[in-house]
Each structure stands twice: as C-alpha cells, then as structure tokens.
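Letters A, B, C, D, E, F, G and H mark the chains as written, and numbering starts fresh at 1 in each.
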Amino acid sequence: MGNVKEVLAAVQAGAISLEEAEEQLTRISDLGFASLDLERQKRTGFPEVIFSAGKSVDQLISIFQRLMGHQSVVLATRVSQEQREGLLQAIPQIHSDPEAGIAIWSREPLQPQRSGYVAIVTAGTSDWRVAQEAAWTVRCFGSEARVIADVGVAGIHRLFNRLDEIRGACAIVCVAGMEGALASVVAGLVDKPVIAVPTSVGYGANFGGMSALLTMLNSCANGVAVVNIDNGFGAGYMAGMIHRMALPE
Amino acid sequence: MGNVKEVLAAVQAGAISLEEAEEQLTRISDLGFASLDLERQKRTGFPEVIFSAGKSVDQLISIFQRLMGHQSVVLATRVSQEQREGLLQAIPQIHSDPEAGIAIWSREPLQPQRSGYVAIVTAGTSDWRVAQEAAWTVRCFGSEARVIADVGVAGIHRLFNRLDEIRGACAIVCVAGMEGALASVVAGLVDKPVIAVPTSVGYGANFGGMSALLTMLNSCANGVAVVNIDNGFGAGYMAGMIHRMALPE
Amino acid sequence: MGNVKEVLAAVQAGAISLEEAEEQLTRISDLGFASLDLERQKRTGFPEVIFSAGKSVDQLISIFQRLMGHQSVVLATRVSQEQREGLLQAIPQIHSDPEAGIAIWSREPLQPQRSGYVAIVTAGTSDWRVAQEAAWTVRCFGSEARVIADVGVAGIHRLFNRLDEIRGACAIVCVAGMEGALASVVAGLVDKPVIAVPTSVGYGANFGGMSALLTMLNSCANGVAVVNIDNGFGAGYMAGMIHRMALPE
Amino acid sequence: MGNVKEVLAAVQAGAISLEEAEEQLTRISDLGFASLDLERQKRTGFPEVIFSAGKSVDQLISIFQRLMGHQSVVLATRVSQEQREGLLQAIPQIHSDPEAGIAIWSREPLQPQRSGYVAIVTAGTSDWRVAQEAAWTVRCFGSEARVIADVGVAGIHRLFNRLDEIRGACAIVCVAGMEGALASVVAGLVDKPVIAVPTSVGYGANFGGMSALLTMLNSCANGVAVVNIDNGFGAGYMAGMIHRMALPE
Amino acid sequence: MGNVKEVLAAVQAGAISLEEAEEQLTRISDLGFASLDLERQKRTGFPEVIFSAGKSVDQLISIFQRLMGHQSVVLATRVSQEQREGLLQAIPQIHSDPEAGIAIWSREPLQPQRSGYVAIVTAGTSDWRVAQEAAWTVRCFGSEARVIADVGVAGIHRLFNRLDEIRGACAIVCVAGMEGALASVVAGLVDKPVIAVPTSVGYGANFGGMSALLTMLNSCANGVAVVNIDNGFGAGYMAGMIHRMALPE
Amino acid sequence: MGNVKEVLAAVQAGAISLEEAEEQLTRISDLGFASLDLERQKRTGFPEVIFSAGKSVDQLISIFQRLMGHQSVVLATRVSQEQREGLLQAIPQIHSDPEAGIAIWSREPLQPQRSGYVAIVTAGTSDWRVAQEAAWTVRCFGSEARVIADVGVAGIHRLFNRLDEIRGACAIVCVAGMEGALASVVAGLVDKPVIAVPTSVGYGANFGGMSALLTMLNSCANGVAVVNIDNGFGAGYMAGMIHRMALPE
Amino acid sequence: MGNVKEVLAAVQAGAISLEEAEEQLTRISDLGFASLDLERQKRTGFPEVIFSAGKSVDQLISIFQRLMGHQSVVLATRVSQEQREGLLQAIPQIHSDPEAGIAIWSREPLQPQRSGYVAIVTAGTSDWRVAQEAAWTVRCFGSEARVIADVGVAGIHRLFNRLDEIRGACAIVCVAGMEGALASVVAGLVDKPVIAVPTSVGYGANFGGMSALLTMLNSCANGVAVVNIDNGFGAGYMAGMIHRMALPE
Amino acid sequence: MGNVKEVLAAVQAGAISLEEAEEQLTRISDLGFASLDLERQKRTGFPEVIFSAGKSVDQLISIFQRLMGHQSVVLATRVSQEQREGLLQAIPQIHSDPEAGIAIWSREPLQPQRSGYVAIVTAGTSDWRVAQEAAWTVRCFGSEARVIADVGVAGIHRLFNRLDEIRGACAIVCVAGMEGALASVVAGLVDKPVIAVPTSVGYGANFGGMSALLTMLNSCANGVAVVNIDNGFGAGYMAGMIHRMALPE
C-alpha cells in the first residue's frame, strides 16, 4: 500500500482498521524533516508545491520523488543552480527553467485544458525571470499563459500596441520593478482582475522592491491585488485559480 | 444635451460636428477641480467611484450629482460624518452606512444578478467596518455578499463551524488586523481566491496595519492576494470582479 | 537709514564707516528670534520666503513686515487659519489663499514677465491644495502657472486629452498621491523637466506620502526630479527657476 | 588554585586574604579580550554561553577551554564551519551539530533530569536549523526536547494530527518564518506558554524575518511571548527555564 | 437552557439531539457582530478576554454580560473612559481601574490560590499604567502580583535595593520605556523567566516604543521573552500561566 | 529626621542602627508610585531631574516638593501647560518657561560659577523651543548659555557673522530640524565638541526629525555627537558637563 | 527597410500599406525579450538608454546593436565589468568608463553644442563614480560637464574656493553621501537649479544612502530637487535637459 | 616651496604675490580626485583624517603621502586588508592595526601629553574592533586610552569590578552591540560625559546596529551622546577633544 488513495480504499473496503490507516497515512507523508500535505489537491484544488530555498539537494529530491507518487503535477520553485543539477540527475524527466528557477514534472504533458488565457505583462526586460515563474505556474493549472514583455510606462505606446491582447485575457498578471506604475495604468484600461507582482529590480531607494510594492498597494486604479515581491508563483497561482473558475474545463 | 450617450448619438446622427462633440464632452466631465471619468464603466466594467477623503462637502455633492446623470450606480467611500450629512441633505435618496463610511445611489434597487456569493470573513469584531465597506462594494457589482464575522484563529473552531459556508463562496475576502493570520489559514482550506485586507486594528507594534499586511503578503498558503490596509473597497472590487467573471448574468 | 541698499550706498559714499555699516546691517536683519537673510534675492535670485509653521502670529507679522521693507515680493507658506487672520488684520493688502496656505504681498501686481508657462498637473482632486502652493510660487517668479487637475492614470485618456497643453510648457510640476504613477507616465511623453511632488493623500500603507515619494524616485522614465512630500512650494520654486533660465525677461 | 570554588573555599578557610582572593578571581576570569562570568550559573541557574559570531577561532578555543574548567556544561552557539573545525581539533570530545551551529561539552552525558518535555513545533522544513538550536539548548537544561516539524497552517490538519503531543508538553517553542501564523494558532489551542521564534525564511517583503516577528508580537491568541529572529537559543532557554520551574528534579 | 455546560449535559443525558445542541450552542455564542469563544477556558485554561478598543459601548456591554453567564471571571482590557462609564452603569458590580484601562467581574473575590508571586518591575513612573494592566491579569489567574515601581537603570542602586524581592518571584514582568535596558539587567541577575514589556514612553526617536522593543528582543542576557508594546495584559497572561504551572493550586 | 544627609550623620554618630537607617532612607525616597534617586547628585554630579510627560499634576507636585528638600536645584522638563499651572499654584517660587516646557527651582539664584560659556546655535526660528530647554539645563550646571538663533545654512553668511562667538565657546549645542546640515558645517569650523540636537521641524519626509537625526549621525565633519530628537535637555546636560570639566569653579 | 524613418517615408510615399508599416515597425523594435522604444528621441528629446543591470551579455549586445541602427547616440548605464568586456569585443568602437559603469557609442564625436556648462559638484572622493555617470550623461546631451570634486562641508573653504565656477554654471548637480549637507549649502549660494544625488557612501546608519536622500529632500535651502540614490544618470539627464532649454543650439 | 606654511611665510615676506600664493596653495592641496584640507588642524585642532572606504590603493597612498608633508600625524580609518598591504609597502614606517582597520604615521612617537585618560568600555568581546578604532584615535590626540572590555550588563558585577577605573576617566566611550544597555547603566554611575557607540553585533532584529543606536539615543540616564553605528573613530575623536579641553598640555 503505497499512496493515500489506496489506503483510503482499503479503509472503505474494511480491509484495514482505522488505526492501521492512520499509521500508514502518517508513514506516507512523514519524511522526518518534512510533513507532506498529500491532500492539498483535494482541499485547495492544487497539489503541494515545493519551496526549494533552504532545503538540501537530498531533501529536495526526497520530497520531489515522494510527491511524484501522489500527485499528477509536481512543481518546485526557487530552485538554485545546484539544486537543479541534483534534481535532473536523480529525476531526468523533470522539465526545468533555470531563469525562472522552477522544476516541473507532470504525469501528462502540460496542455491548456480550457479556452482563454492569462496575460503576463512586464514593465522591463529585467522582470523576465519573475514573469516566467508566473507563466509556468499558470500552465500547471492547465491554462495558457502569454507573456507580453517590456511594455512599461516610460514608453506607453508599447502598452497600447498590445492592449487588445491584454484586454482579451481572463486575468492579468502585471510584473514591474522600479516604481511599478504599470499595474495602475493597466488596471485603468481593462475589466479583468489584475494581480500585481512587485520586483526587486532598480536603482537606489527601491529597497529591494518595497517601492514597487507600495505603489501597487496604493494603486489609484481599481481591480488590483498584490502578491509579495518577486513572487511570480503566487501571482500565477491566483491568476490560474481565477481562470479555472471563469472557464471550467 | 446632457450626457455622454446623447452626445455620441448626436455625432452618429451627424447632428453635431466632431469639434462640437469634443467640446461638449469636455464640459460634461470637467468640474474645474475634478475631471470625471465618465467612460470608466465601459472601459473597466464598473463606473467611477468617489474617494471622499480630502474633498469639501460641496465638491462631493457636485461630483455625486454629476455622476448620477451618467451612471446607474454611484458609490462614494471614506465618507465622513460631516460629508454624509451634507450628501443626505442634498440627495435624500442616497443610502448610506455610517460605520462603513459609504454612500450609494443606484437607479435600480441593488439586487443579486447572478447565483453564488462572495464570503467576507473577519477575524474580530473590530474589523466590522472594513468588512462592511467590502460588502457594499460587492453588492454594487450585482453580487451577494455574506459577512462571516469574528472567526479569528485565537479560537479556530469558530472558523471550522463556518467552513462550509466559506467553501461555498465564489471568492473570499478575508479581513484581519493584529497578526492577520486568518488569511493563511483560510487559504489553506479552500479552492477559491482569497483577497486579504489587513486592518489597522491592534496593540503596539502593529504599525497601523503593517503587521497584518506583511503577514498576508508572506502567506505560506497559496491563493492569497492582498490589498492596502483597511481597503475594504479594493477587496470587494476584486472579489466582485472575480464573481462576475465566474458567473456572468 | 532703514534698508540694506541705503546702508551700502552710504558706505560707498564714504558717509559712514565700515564698522557703522556692519552694525546697522545687523540691526536691520536681526529680530532677536530670527535672523533675516536680506541678501538672498541677490544671491539666489529670489527673496527670503517665510516658512510659517511653528511661528507665533506675532513673530510672523514682525518678519513679514520687516521683509516688506526690503523685498519686492514677500511669500509666506504653510500659513494656518489663525496665522492668516492675524496677518490680514495687520497687513490688509496681503493676498492669501486659505486652501494653499499661502500669503503674498508684492509691491507691483504679479504679472507674467516672460512668455511660456509652467504646467502643474495633478492626479486627483485631493492634490489641489499642493498644486495651488506650487502655482503661487511660480507666479512669484513672474511666470505663468497653468493647473491641469485630476488627470491621474486610473483614466489615462484624461491625460491624453490635455497632452498638448502639457507638452507646450517650459517645465512641468507633477503632483500625485496614492501610488504617484502620474510622474512616470508624463515624463515618458514630454521633452521638458518634470518636477514631481508626492502628496500624503491615500489609504493605508501610503505612509503619509512615502509610497508616492518612492515611486517618483524610482521612476523608470527619465527627466524626473523629486521634492519633499506635499512640498508644492519647492516644486514651484524649481520650475520657476527653470522657466526664468529658459526664457529670461 | 584553579577555579572559583577553590578560591572561595580558601577564603572561607582563612587560607588566603580577601585581597589575594580578589586578585585570583580576576585572573581566572580575565582573558584580556574577554571577561568571563564564572558565577552566572549560581546567579541565573545556567552557566555562561558562548556567542561565537565575531570571535576568532583562537579566542573561541580559549574561552571554551577556560569555561570547561569551571562549568559542568559549555554551550557555544552560532558556530561557523571554520570555528567548528578548529574547536573539534582542539577539543575532540565536543559534540557539535553543524546544521544548528552549536557545539556542546558536558561533564556528564546530557540526560533528561525531570519528567515532561518541551515541544518544539516548526512551520516548515526550512525552520529546521533554528529548531535544532532550541532543542539542544533545552537539553542543556536537563530537559527532553521533542521536535514536531513542518506542521504550518497551509495544511492545518498536519497540526491537528500532532495536537495531543503538543498539548502534552510543559512549554512550547514555536518556530516559523514567512508569515509566522503558526504561533497564534497553536496558542489558541493549548494551556501552556508558547515561546515564538520568528525565522528569516521567506520571499520578498519578509525583511529578514521582520514579517514573522510582527505577526508573533501581534498575536491575537494569548500566552505568546517572542524572542529575536532566528534566536532558537533564546527560545530554548526560556522554555527550559519554565520546564525546570514546573517540574524541578 | 442558557449556557454551554447545560447544553452539553442535556446532550449527555440524551435530552436533546446533536442537531439541537449545535443550534443552541451557536445561538449562545453568536451575537451577530461577535462570535464568542465560550470554550476557551477549557482549551487554554483561561476564559475569553475582551479587547475593548474599537467596540461601541453597547457592543461591549452585550459581550460582557453574555460572558458573565458562562465564565467565572470576565476581564476587559483597553477600556476607555466612556466605555468604563457605560459598563459601570449597566453592571455596577464591575471592578474597574481607570489608569490600567481594565474592567473585571469575578463570581468569587479574586484571591491568591497558590503560594509564591509574580513580580512586576517598572523602570519609571510613567510605566505605571501598563504595569497595572499586567498586575490585574495576573490576579485573574489566581496569583499574587507585586509591583516594584521606578527602579530603572539610571539609578541602578534602586534596583539592587529590591533585588531580593525580585529574585523571590516565580516569574518576572519587566516594564520599561525609553531604552528599555531594565530587562537585560534584571535577567542577568535572576534565575526565573523574564517577560519584557516595552512601553511607548519617551522622547523623540523612540518610535512609539520601537526602541524599547528592539532593546528587549536583542537582550544580551538570557531568559527574556517579549510581548508587544504596552501590552501589559499579554505579559501578565504569560507570567500567570508560568506561575500556575510552577505552583498548581 | 527628614533628609538623607541627616540619616547618614545619625548612622555615623551611632545614633541609629543600620536597619533603622535603611528603613528611613527608603521612606524618604519612596513615594509609592516613584522611587526617588536622592544620591544622584553625589554619583553623577547633577541632581535627579523630573521628566514630566505622563505624570499627573499631583504626582508631579509631590515629586517636585520632595526633591526640594534634598537638592539645591530641581529641574522639571516637558512640563505641559496644565502641569505648569498646577506647579505654580502649589510652589509659587518656581521659575517656568512655557515655551521651553521647563520648571526650575533653585535654593540660590542661578548664576554662572565659572568663566566661559556654552553656545547654543539654531538653524531656524522654529528650533527656538528646544534651544531654550538646552539653555536652561546649561544654566542649572552653573554655566552661562548663549543662544545664537536662526543661522541655518540656507543663508550661510549669517553663520559666518557669528562665528567668532561660536568659536569662543567651551562647547557648542547645535539645534536643527529639516535636513540638519548646520551641525556638520559648524563642526568643520571649530575646535570644540559639538552636541547636535535634531528637531522634529519640517515638511513631509522628515519623519518627525528622523531626517535631521540621520544627517547628524552621518556628519562628515568630526567632533559631533548626537542626542535624541528634540532633546534639548540632553544636549544641555552634555554641554554643561563638558564645560564644568574644562573650567571647574 | 531597416529603420523607423524609412518605414515612415515609405508610408508617406504610399509605397507600403498601413498594415505592412505596422508589422515592420513591430519587427524593428521587438527583440522578443525587449520591446525597444525607437521613437523616444522624438517624444522626449533623448534616445532610449539601456539600463544594463539584470541583462545578459548577449541581450545587452543585441539591444545595443539594434539601437545603433536607429539612434545617433547609444548610452548604457550600470555596465558591469563582464558586460563591458562583452560589449567591447562585439562593438570595439564603444567608449566605456569602468569607474562610471557606462558605455557610449555616438555617430559623431561628443562635442559641446552650446555655450555654458553643467557643474557637477561632489562632497568626497568616494562620490567620484556617481559624478562620472552624471558627467557622461550631460555630454550625451551635447553639453559641457565640469566636475568639481571633494568640496564637502567638513572643510567649507574648499567650496568657497570654487564658488565662482559653480555660480557660472547653467545647472548644478550636487553629489554627496554621508549626511549630504552639501546640496543645501550650495543651493543657498547660487541662483541656478540644483539637482541633488544622494550616494550610498558612509558609515553605519546611512542605510545605503537613505540618510543623504532624506537630507536632500528636507533641504532648508530652495531650488533643490532630488533623484534616486546613486542615480548619477538621472541627475545628468535633468541637468542636460535644463541646459538645453536655457541655451538651445 | 612645498607646504602651506612656507607659502604663507613667503607671502608675509613679500617674496611672492598673492596670485602666486593662491596658485601654489591650490597646487599643494589638489590631487585631482581629492581636494585636501590642509588647514583643518588650525581650524579644528586636529589634522585631516583619511576615510579609506571606496578609495583605490593608489589614491590612498597618494593622499597619505601628501598629508605626511603637512601634518605631524596622519590617521587613516576603515583600511581594508588590501589597502593596508599597499600602504605598508609604499610607506613602511606606518603603524597599522588590522583588527581596528587603522593606519597611523606620526612624526613623533605617540605619547600621552597630558595627565588623565579616556576609558573605552565594551559590552562584549565582539565589540573589540570598534573599541580599538576609538582607542587609536584618542592616542592621536595625545591622550591615554584604556580599554575595559567585556563588562556588559548580562553579568553586571563585571562592570562594578571596574567601576573605579571607569569613574577615574576624563571621558568615557561606551561600545555596545545587541541591545546596547551598557551606556545607560554606565552613565547612571559616573559624573563624566559618556560617548556611546552602537555596534552592528547581534542576532536577528538588530538591523545592523539600529537596535543599539535607538537604545543609546533613548537612554534614561543623562550625560550620553551618541555617534554613528560602529563609528569608533567618531567617539574617540569626541572623547579626545573633551580630554584635551579638560586637561590642556
């Protein structure tokens, strides 16, 4: 008996007692240093995701492998160069994107499972990495992600050139560093939710993204909600969830 | 010719020249001290909202009345006691909620125009005011808002007692002050977007809500996006928008 | 011998000794609690300005009157309601603007003394007060000030409607609270210096204008320099100085 | 005469004068660069602990050795990799835990000297290091430490699975990064003191643990006190002290 | 059937169905604007406490009265002058302390129920108010509280004069504003837990208590844990809990 | 036996036992809510000073009167309007300065007791209040204080006009708000210690004096040390102490 | 058809359709990861500038080369050592200044194209790098830049020695770290706009330049506007723009 | 003619014209990248000191050598390992202290030139480096410096053991990290000025020394002034200046 579903089926069939079931479930999810949340998919509609920062390569591989036995998609974020190499050696079928710092394994190829798309709009080239983290998260939701890069307000015509594509999206992720003004401008032009991601890109007094974070929280345009600095994953998650609600498979 | 639609019809009919139309449109939207955004409804799906703080009673009344001529709903937020009295005297049909600091006028009674609802969950009694601001904003979107008050994590069973109702919502607004932990706990239990509103309620080092804001931005649970401190309106707007997308009329 | 010029003339004429001259000059500028800077006009091209906050009404009147004897324009900023009434009673010919908190006296009527103008662009109605402080300061430089109000990025077409007028200015003051994005957008569209003034208007985590201040310092558009929060005077001063250089009388 | 007790005995016996005693005591505790506090055990019930950061390897070894002559347990915290190697070479009998950054020597094996235990609860795998520092400190008090890892609120059932064990403890150390909500939730469920340790784990605006620190200080649940960011030692110390009081040997 | 115990007894007796019981329990605890946590006593060993700030007088009275039906002690903190008068009029038997901002009702007179005491040490006269809040909270735990006032480090002999009394306590609450150094000094001299409360007393750059808070978090002495600024209640709660554990009735 | 000296004399004379002496000393210094530090003069060369903020009028009067029995000078700072009136009614011989917020009583008239003086230099008129607090503190040390007001760097010639007087001082207190640049400029021109006092005067982002505080801490000129924001007393104390050392009576 | 002008000419000549023109323009400006703003020169009077931080060497070369086809000057800022070497290998004719971190290519040699100059004044030697970034930006505007180094206020006579040269400039850039007082002093002595650049040079509590930034924002002297910390480019841009306006070619 | 004195003598003797003198003086002090302040000794009583951070080794050597021609003592602070080696190779007679980061050259051996001494008191071993910087600065003033290390308040008897030595000093420098409480305790026990230096030593929320800085600024004891974080030089300078005033040679 190797995974949660089997244990539960055995319970239902009366094949094992509740005490045995509890013990087995604990054994499955408990790696000693980590307590996996194998029912998260059922509870929140998305399986557990691995936040890689601060984990050893061995810990990361163990968790990744264990989750592969229970989930149809495994996503790891904030994967360092060293962690990535370890993972690929242990699990070659992983897809990884070094720029975005993500590693993905999915039982079935990741394919859009509904119409529509999420637009991921970035202010500058330097926000690319965060935008990619968001895009891959959206794809793990079974949604299409379109990245519209480098349309910041310093040359606002670039934004207007792409406005139709942005307006056509189901949800919009807006990635911007420096002063982060892009989110307000976009939100004033569309009728869809804008998830804003401040990035830590910038000169001097941007305080590691604090400047863009405050800008986005104080947006004068309505329909903007904010995730943490550089948190492309969180924004992609939110946008994927909204898309899934608006257009179920 | 008093409103935008009429001017545009006249243009279409060739009754007035483009120059005349432009001039008239400017006249309609320009109050000298304010430049109304009468096409916002068309652009963003929601009409212009009045942020009352820092406006004189007279300015507020002028803007409110002008918008009544062009919008089917007019919403003013952050209405002070003095502003509220002035508004009610000038426009008795306004509905106002002193606790929430809002004033609303709508051509048709505000009625849910779609199935489903937005859940507005608060941690403590003191978050009530902000929750009401969110609730009224949701209602302006033609959505039902249900407030589930005082279920903070200090007595977490209160939250579990109401979990079915929260899980049944289309979108969840989570209002919490002090340490703001409620948003993370809720987001870990549901499969719907959680819009978190930090409030400025609390003892000592909460820095006017900064504590709850940081908590929510750093949520270990996925599916949380954040609006500004005490910004019930912003959260209600986001939730209303999501509900409208998920369940169009 | 009542003012500086007379003392200097007497020195030049050999009518008084250097020691006497020094003593007289000291007497003129020293009010005990204040040491007036009567040569500031000569040194910086603009006479001493009175920062009224924290001064008693009597102190304010004394300084104002003393400066009237030595300058062709006297400008007081941050004048409270109580100070304003005291000043008007003592010096009825003062022009004051309660909203802007300024009081002005000028020997000759304030008239534009050069072609061109300074544009003062505001994001919202609530920034009006700061814009007026800037405008009056510009006028004290002998320049024309045009206020273009309420064209913030939430409805960006309002800005485009006024773009020709903004582009025609010699220098642009940009006043914005909340997220302060207006300065970046304007600077990306013009070829003139933009002086940005963050204002303390806003919800929650704007930290008394800190949010807009950081936005403006981090502007991705070039040609933006920033003055302190709510410091309309400082922005008007800078713009007036630039206008005077570009188009001397 | 090598240690404090002997000197004091000699004084009591009249074998040496007070002046001689004073001089000898000074010699024992004074290493030139450090002034050891050899009576701390008597005063506070726990011997002096070495904070290793900023000390050279040689200084560290000297202090460690000197304390071994006067204390039954010597604990060093924040031991770097380089310091650890130096210590082990000089004093091979030291027990060290590289992850926790601690080095321990004890005259007698560390054994629980009373019933009951301290529970050390962590929100995520990345908090492991800090939890271990706390655990070893508790053990130096002669108490049992049980680490209950990775039961953060994103999957709150994991916490409930371990609740009996947590409730059975005499004192609870709660280690959490990101938003740090775990401390509030735990404190709402138990009747024992909760010592909360914020950790510097997290994305973006966690400001090196400031986010979790504020969360814990603002806990809406009662019975929470907080130590500094990443200060596992401080929390273990507090919990050990409480356990010792509740259940003396 | 008016309170929780009765409902549960009825369930046990089979007198009412589970559904009926659930409904009744909900009715008891739900005041519409507040969801009382009537089982907190059982869960955490201390009944629900009312945080009065931000509640109307009527809300406060309702909650207070409802809790009186279910708890043997009711404690309200942060009671304003206006709230206090309202409470006393409605419930004359309340004991209130205007300085400490607390209101207490207890079925039996508050009497020490165990030996030993909690020492509450303050640095200056101005910390008195916070110390009283702590003292009353300790008394609600059935413990004795002794306040040792104004023994701050500027005249450290005052502290040494009272050291025996401080050392004799079971737990020590240390209340200090300005630089808050008292907590470190005390903790270096005792073998009992020190709960430190920073207060917002002070000149200039104390940032409403932030200065003392940081001091206490960074204490070089061991055995210090910290609660929020001015949070006498939280410190008293922690100390009361420790005393209860060390010396059960 | 009313004061400390008498008690000590009685001890020396063998008239009372040590236990009696201890008890009497405690009675003298203990007001219940305050523990006076009657030996501070002996220990630090300056008697205890009363920080009035947060004390009731009655408490203030009691402390003031008690200190009058034991000290030759009593100084209270931060005296509010209400406190001042109460004090004057109870102790008419007090000298008070409402602007500086101080109240002084001295057995002998305050007269310079040594040659030389302390220069107190202010940047603007609005720093006057803080400068006066410093000046009166200097005078309590038996030193002469000379206030040189309004010589800030915006018109630097005003500073040069007074440079000889500044250079002639034994110690210099430099009071400045806004950007606080005056301290650096002065320190670069003199060979005496400069005690810098940042004040909370200013527009926008001065953060209640934080701006000037940071300026002064970061002074590029040598010989500057800083006291807390608006802490004229602290600066005067430091300067008085230096003057006393340089030129003993 | 390679550049924008040619495309537009073809449109004007009717040689290509609007759709073709649009497509070609997009192709020119779109590098996939970057969306170039080829009309910025026309709009803002200065061509697009490359912010190199966070870009790969290959991306940087591609953008640089593409811009060389459309602009008469290409300026890259924040060029790292590695980027500089890559650029020089690919485009040997680039002029680069490693200290200033800039790389420049211009079709024609950079020569002053108008009379007058911009003065760039620095407080200390350590501000040199930022001053050079400003100077090269000014030169790209076709203006002369004169650097006046190391004249900080600690030895204010050094400033007075160079005052004539500073007063003779059309605009003044003031670069200072530590306490940044130089900007106030200079602005009090000249009648030209001062653009202040805070730098991150300094001891301790300068918070990466925050100290100088606040100083400059709070300047008591008029005629100061501020750019971001270490942003020499921004200051040079502003000064170049002002010089160009004052003295057109 | 090589140094300032010679040039001035030639002027006095009429040997060179004023113009020649001015030119020669400029040549002496101007190194292109640095403008030396050769008259600082005369103006402030202490020669120019070199702040080494951010200077190249070659620049440092040039400045050092040039100053050796004009000053009797040359002190460089914040000398890195690389800079130190370069300096020693170029100028072997330099005395350097790698821990303190200082390099000193003096024409005559550094000897106390007056009675008395400055006490430099540190809280912990880790503050050693900063204390040494202070000590060497004091010695450059011709004063004796005594370092009293590791007497922090966690074991306050260590401080009392050394109290006589501390009380005997003319001025006291107090170096402390973590919570920095030492300064308050010392100031409450002495009648001499205490110059407090916060250090960046510590766990978690000490914010690079901000915690100790705030503690020291908020000291409840009188007679404390503060210098910047880790600024041992600044404190030594202040203390040396005070000692020199109190006890001139």
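Keep in mind that, in the parts below, contacts are C-beta pairs under 8 Å (C-beta built on N, C-alpha and C of every residue); 3 or more make two chains touch, one makes a residue touch a chain.
A quick note: this is a predicted structure, and the numbers were derived from the prediction, not measured.
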Decide which interface, E-H or A-G, involves more C-beta pairs in contact, and give its chain pair. E-H
Counting residue numbers used by both copies over all numbers at the interface, does the subunit C-subunit F contact come out same (over half shared) or different (under half)? different
Geometric centre distance via CA averages, subunit E-subunit D, whole Å: 27
Averaging C-alpha coordinates per chain, one finds the centres of subunit B and subunit F separated by a number of Å equal to 53
From the mean C-alpha coordinate of subunit B to that of subunit D, what's the distance rounded to whole Å? 49
Subunit A residues touching 2+ other chains are 43, 124, 154-155, 187-189, 203-206, 210, 213, 217-218, 221-222, 228-229, 234
Checked against the stated definition, the touching pairs are A-B, A-C, A-D, A-G, B-C, B-D, B-E, C-F, C-G, D-E, D-H, E-F, E-H, F-G, F-H, G-H
Hey, which residues of subunit F end up touching subunit C in the complex? 124-126, 128, 149-151, 154-155, 157-158, 161, 201, 203-206
Contacts from subunit F onto subunit G in the complex sit at residues 123-124, 152-156, 178-181, 184-185, 187-189, 202-207, 210-212, 214-222
Considering only the defined contacts, which subunit D positions touch subunit E in the complex? 43-46, 49, 170, 187-193, 195, 213, 217-218, 221-229, 233-235, 237-238, 241-242, 245-246
Interface residues, subunit A side, partner subunit D - complex: 26, 29, 32-35, 37, 39-40, 43, 48, 51, 53-55, 59, 63, 78, 198, 200, 208-210, 213, 228-231, 234
